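Shared chain: subunit A. Partners: subunit B in the first complex, subunit C in the second.
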Partner chain A sequence: MNKITIDPVTRLEGHGKIDIFLNDGGEVENAYFQVPEFRGFERFCEGRPAGELNRITPRICGVCPWAHHMASTKCLDDLYKVEPPPTAKKLREMAYSIYSFYDKIINFYFLAAPDFVVGSDAPAAERNIVGLINRVGVEIGKKVIATYKDSQKLLELLGGRTIHPVWGLPGGVSKGITDEQRKEIAEKCREYVDFAQYSIGIFHDLVLAEKKHVDVIVGDVYNMKSYYMGLVDEDNKVNFYDGHIRVVDPDGKEFARFHPRDYMDHIEEIVLPWTYLKFPYLKKVGWKGIVDGKESGLYRVAPLGRLNASDGMATPLAQKEHDRMYDTLGGKPAHHTLAFHWARLVELLYSAERALELAEDAETSGACIRNVPENTPSEGVGVVEAPRGTLFHHFWTDENGIVRKVNLIVATGNNYGAMCYSIKRAASKLIKDGKPGPELLNMVEMAFRAYDPCLACATHTLPGHTPLIVTIRDSKGEALEVVER
Partner chain B sequence: MSDKAKMKIGIYWAASCGGCDVVTTHINEKILDLIEVADIVFWPCAMDFKYDDLRQMADGEMDVCLFNGAIRNSDHEELAELIRKKSKVLIAFGSCACFGGIPGLSNVTTAEESIRRAYLEEPTTLNPEKVLPRLEVRAPEGDLTLPRIWDTVHTLKQVVDVDYFVPGCPPTAELTGSAVDAIISGKLPPAGSVIAGNKALCDECDKVKKNEMRMIEFKAPWETEIDPEQCLMEQGIVCSGPATRSGCGAQCTKVNMPCRGCFGPPDGVEDQGAALLGAIASVVSPPAGKSIDDVFSGLRDPLGLFYRFSLADSMLRRTKISK
Partner chain C sequence: MSDKQDDIKTLIIGMGNIIMSDDGVGIRIARVLSDRLSGKQDVDVRETPLTGMNLVTMIEGYETAIIIDAIKTVEPAPGVLHKFDLDELALTMHITSPHGTNLYTAVELGRRCGLKMPRKITIFGIEIEDATVFSEECTPVIESRLSAIADEIMKQL
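Moving on, here comes the complex of A and B:
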């Protein structure tokens, strides 16, 4: 059997390895996407005071540090059974929305856009931020950089640090903002709303206006019928910071809607021996392997997962773009894997609008930012929507708040089964004669990059980012071709 | 400037969270200055490159390589050795590369124990057959391999020679910018230098010391009201400031949270945890009827607190493995 190895999958915050096995006819027999890193956070969080964990878990991932910080902080609220005052909640959600905006700039301009804007068939050396700046112009490049910088500074102002914030406490935050500062933040957020619309404009002009791109997006190569999951507010609108978890089936019908504390009734994980990452699936559907459809417990999270699992966006401009997306894609849910990029831009706009709403709210600069915990801790769950999907932190402690056990289901991990499926599907459709060209492999990678997988996160188990190797093996298992990217 | 004169720069991650790669993009407009005078020839996290290109480079072909992340498996060690050979100047970038960082905390356990914990004992993991990831798996279609995880996290300088150290988890954008400026201008400090401040963090922290440095009990920041003006240590909150290198701008104490020591020890201090313990012991003053031990018994998890980022680089390095 032929085997194709792609190593490394670059431009991913993480470490992965793809093996594609071909049969005698040169067609894809199977594809394995391995995560070769393990980190052991669960184990070394034990014995630490739980109150320190929101300063430790962010080191699971320097790309999603705010998600881990928030999930752990909310987990501490629940652990100590302390309710943050309204100002603290608004501050947290505002900061988290700004983080989400910032993260999506990295994804779109540094990671994803090079594929679309520079072109998936462009030479490897140009498919990066520098190539992108060359294509869209230095002026625009400067604008991107200025906005990116601004959002970093706001995150530092609020969280102490842009990467690995230190600000959350059970029951609140360690520092508030003045009225002045709130107004300045609102001013920035107004610019972010413009910037988000501008970015969507680029996507429309450079990607959607070209039929060949749209054909790829709605085509058969990048498609998967699956369940979808995301946090929603009381109106079933997408929310990143708080709410209930909603799951819809492949027809878009509500399958479950539950409090984050009940996640163990709904999610289970399986260990397969060829990878360090576990595969989560819907417990009530069951594990059927890496397959699509209603019978398979695989579900998808992150932008497209969230939008599919919701009834829309809570802010007006994002709702408009949401409608435009589903109109183009032919209704909800959309199973088109590459639509993750579009959904991410809908969320970019939502993040900016939501941050602005909160920055315009006088209560966000209120004086009461904390309730000091008084209860004895024992168990807590904290869930947020990380950019790359639903993130679960669950701590158990002794009565002194020393951690006995930690369970973590990380954002990218939820999509692992779906990523494996998407890679195999793309490979099967694109490799016919056992001879993949370099752009073909890049297109297999696109299946996987659509998820914006963050493998540092996924292997929250041992820090390490490894790029990817794709090996193509023949029917005897001999490596025909090893592709390093 | 002609291409011939351009510098060649590499950025690599080993056992890393990616934060050090991300902060490299936080130099923002400096990225444009940088690419004006230098080619980034190797940066797997952000650009398409092949490991083979690295192998084929001449020795010393890269002018500078920023290396982030700790060393936790044989792949990391191999790459560290290869990169050392190909780079004129090798910089340990970030606390993981400098001191082992947060992942170094796993030096209190073994890989086997961590694996058992993650795959057999997690409450949402259904694993009645006790399947564990294996280094080699015979799948129906062929063989698949995974790297072995070491028991002990190592720092970069424990496996290869390092020319400079840029501490921080991650280093701040400002510090990263200064390192980049030094690289671009060729004005690097003497070999072996730590690119950061050289005093203790207390020196740049603006919390006021009211000279009531008498710790009568330890309080965790989440359990107590915090006075935003006063030195946290004076309020009974353990802060790593006295045993931590300056240079971060006191980011944590600025938002009223104690330092946890990510910049490692200041000049002249070997073991950060021991230094912090010493600093605290000198200010603990037990109230009437209590002993020093009584006060210290209220200190939870001293190892994880004093050696939060530097266990792998400390005199302890790791706990004993009983086999």
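Moving on, here comes the complex of A and C:
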């Protein structure tokens, strides 16, 4: 059997490795996206006061710290059975919307746009934001940096820190804002709405206006018919902070709608021998392997998953872009994996609009920011929509609030089966006769980059890159060709 | 962010994840250095888990930036200190960093967009043993070397 390996071997912290196995005819037989092992998180948490967990879990991941902070904080609400006052809820959702906005800027300008605008066939060294500004102009870079810095400052103002917030408490938050601060935040959020529209304009002008890009997005290489999951409000509109979890089937029909506390009735996980990350799947459909279709329990989360699982967006401009996207893609649900990038931009606009709505609401700067918990803790569940998908935190404690057990289903984990499927599908379409085409590395990488996977517990690297090595082996295991960058 | 005072010329950054055993060695060393440099008015010491744009906004406005991080090379010898200039990482200018961009590209972006980037950026990489176990402690071999590594870096400041 032939084997192709894409292995970012020298990343310091957790890395994924892709093995593509060919049959004797040189066609793709299997693809494995392996994720490294991290050990001891549960034991690390056991015996600690539960109140510490919303400051510990953000350190699992430097990319999604606010998502973990918010999921853990909501989990603490549920653990102590305390309802935060309206001001606290609005503050939390406003901060979380700003964080979502900030995260999506990075994804679009640093990861997605260069692939399209600079081109998937461009040298890797040019396919980055510097390559982007070389093509489009330095003003884009200046706008990105200015907006990035502004949103960092707002997050620090609200959460105490930009990256590892020290803010949420069971029943509320530790610090509110003044009317003046709220108005300043609203002013910034108006700029964010403009910036989101500007970003969508770039996507339309530089990506969607090019037929070759649209052909790739709607083509057969990046397609998967799956179930979709996301948090929705009472009107089934996308909500990042709160609501019920809705699942639709590959035809777009509602399959389930449940309270986050009941997630274990709907989601199961399976362990496969070749990777350390578990595969979640829909319990009522069952595990059928890494396959697509209505009979497969694989589901997708994150931007496209959320939009597919909803009846639309709760803000007007985002709803308009949502409609435009589905009109172009041929209706809802859209199964085009690269449409994750477009859906992420719809959400960028939603994040800005929602943050603005909350910043314009006088109750967000109210005085009552916490209800002090009075109940004895035992078990709690907290769920938010992380940028990379539905994030579940589940804590069990003794009567003194000391942690006995922790279960997390992280956002990327939900998409793990789908990512493996997407990699295999892309590889199958691109590798013929055992020979990877010149764009193989990037085209396969694009399949999982659309999901913006988050595999590690730390996100810094030295030397700061993720090398890819493709090794093509013959049926005896001998390397025939190594492609490296 | 870059809300620094004008008279502070040098920024020392400890990078890493403080709950992932040796992954946090950069932060542990930065804390030692912070104590040792507490009387010096022209040096800031900070911590971060993130590279890319986050680092660029941190180092903006300083004349010199020193970044201390964990590293694992092909022939690991835990506790060994490596030293790089940013330019030595030029070949890593790929968009393969999973959630943004690498430091070299981010600094290049900053410069192109008019940010005042440090004249000199030095990176110290400390060879580690294990960064896969959740722990607030480094592995014993790294724990035992923390003070000596801080000494070595102090000599090279």
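By definition in this document, the second predicted complex is superposed on the first by the 447 of 485 C-alpha atoms of A that agree within 3 Å, B and C clash if a C-alpha of one lies under 4 Å from a C-alpha of the other, contacts with A are read in each partner's own complex, and residues count from 1 in each chain.
Just so it is clear, a contact is a pair of C-beta atoms (placed from the backbone, for glycine too) under 8 Å apart; a residue touches a chain by one contact, two chains touch by 3 or more.
Remember, predicted model here, so these are calculated numbers, not experimental data.
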Touching partner for A:Leu317 - first (subunit B), second (subunit C), both, neither: neither
Which of subunit B and subunit C A:Glu268 touches, first, second, both or neither: first
Contacts of A:Gly51 with subunit B and subunit C, given as first, second, both or neither: first
Touching partner for A:Val63 - first (subunit B), second (subunit C), both, neither: both
Partner chain in contact with A:Ile145 - subunit B first, subunit C second, else both or neither: both
Partner chain in contact with A:Leu206 - subunit B first, subunit C second, else both or neither: neither
Most subunit A residues touched (candidates subunit B, subunit C): B
Partner chain in contact with A:Leu430 - subunit B first, subunit C second, else both or neither: neither
Partner chain(s) touched by A:Val218 [first = subunit B, second = subunit C, both, neither]: neither
Which of subunit B and subunit C A:Asn107 touches, first, second, both or neither: second
Overlapping contact positions on subunit A, where the subunit C interface meets the subunit B interface: 8, 10, 12-14, 36-40, 43-44, 56, 59, 62-63, 106, 110-111, 124-125, 127-130, 138, 141-142, 145, 148-149, 152, 156, 162-164, 454, 456, 461-467, 485
Residues of subunit A that touch subunit B when the two form their complex: 1, 3, 7-8, 10-14, 19, 21, 29-30, 32, 34, 36-40, 42-44, 47-49, 51-52, 55-56, 58-63, 65, 76, 80, 106, 110-111, 124-125, 127-130, 138, 141-142, 145-146, 148-149, 152, 156, 159-164, 166-167, 169-171, 174-175, 263-264, 267-276, 278, 280, 287, 372-373, 394, 400-402, 405, 407, 409, 454, 456, 461-467, 473, 477, 484-485
Subunit B to subunit A touching residues, read off their complex: 13-23, 25-26, 28-29, 31-32, 35, 44-52, 69-70, 72-73, 75-76, 96, 101-103, 105-106, 108-109, 111, 113-115, 117-119, 121-127, 131-134, 137, 139-144, 146-147, 149, 169-170, 173, 220-226, 228, 251-252, 254-257, 260, 300-301, 304-305, 308
For the subunit C and subunit A complex, residues of the former touching the latter: 1-2, 15-20, 23, 48-54, 56-57, 69-74, 84, 89, 92-105, 108-110, 112-115, 123, 125, 131-135
Residue ranges of subunit A touching subunit C (in the complex, touch as defined): 8, 10, 12-14, 36-41, 43-44, 56, 59, 62-63, 106-107, 110-111, 114, 124-125, 127-130, 133, 138, 141-142, 145, 148-149, 152-153, 156, 162-164, 445, 452-468, 485
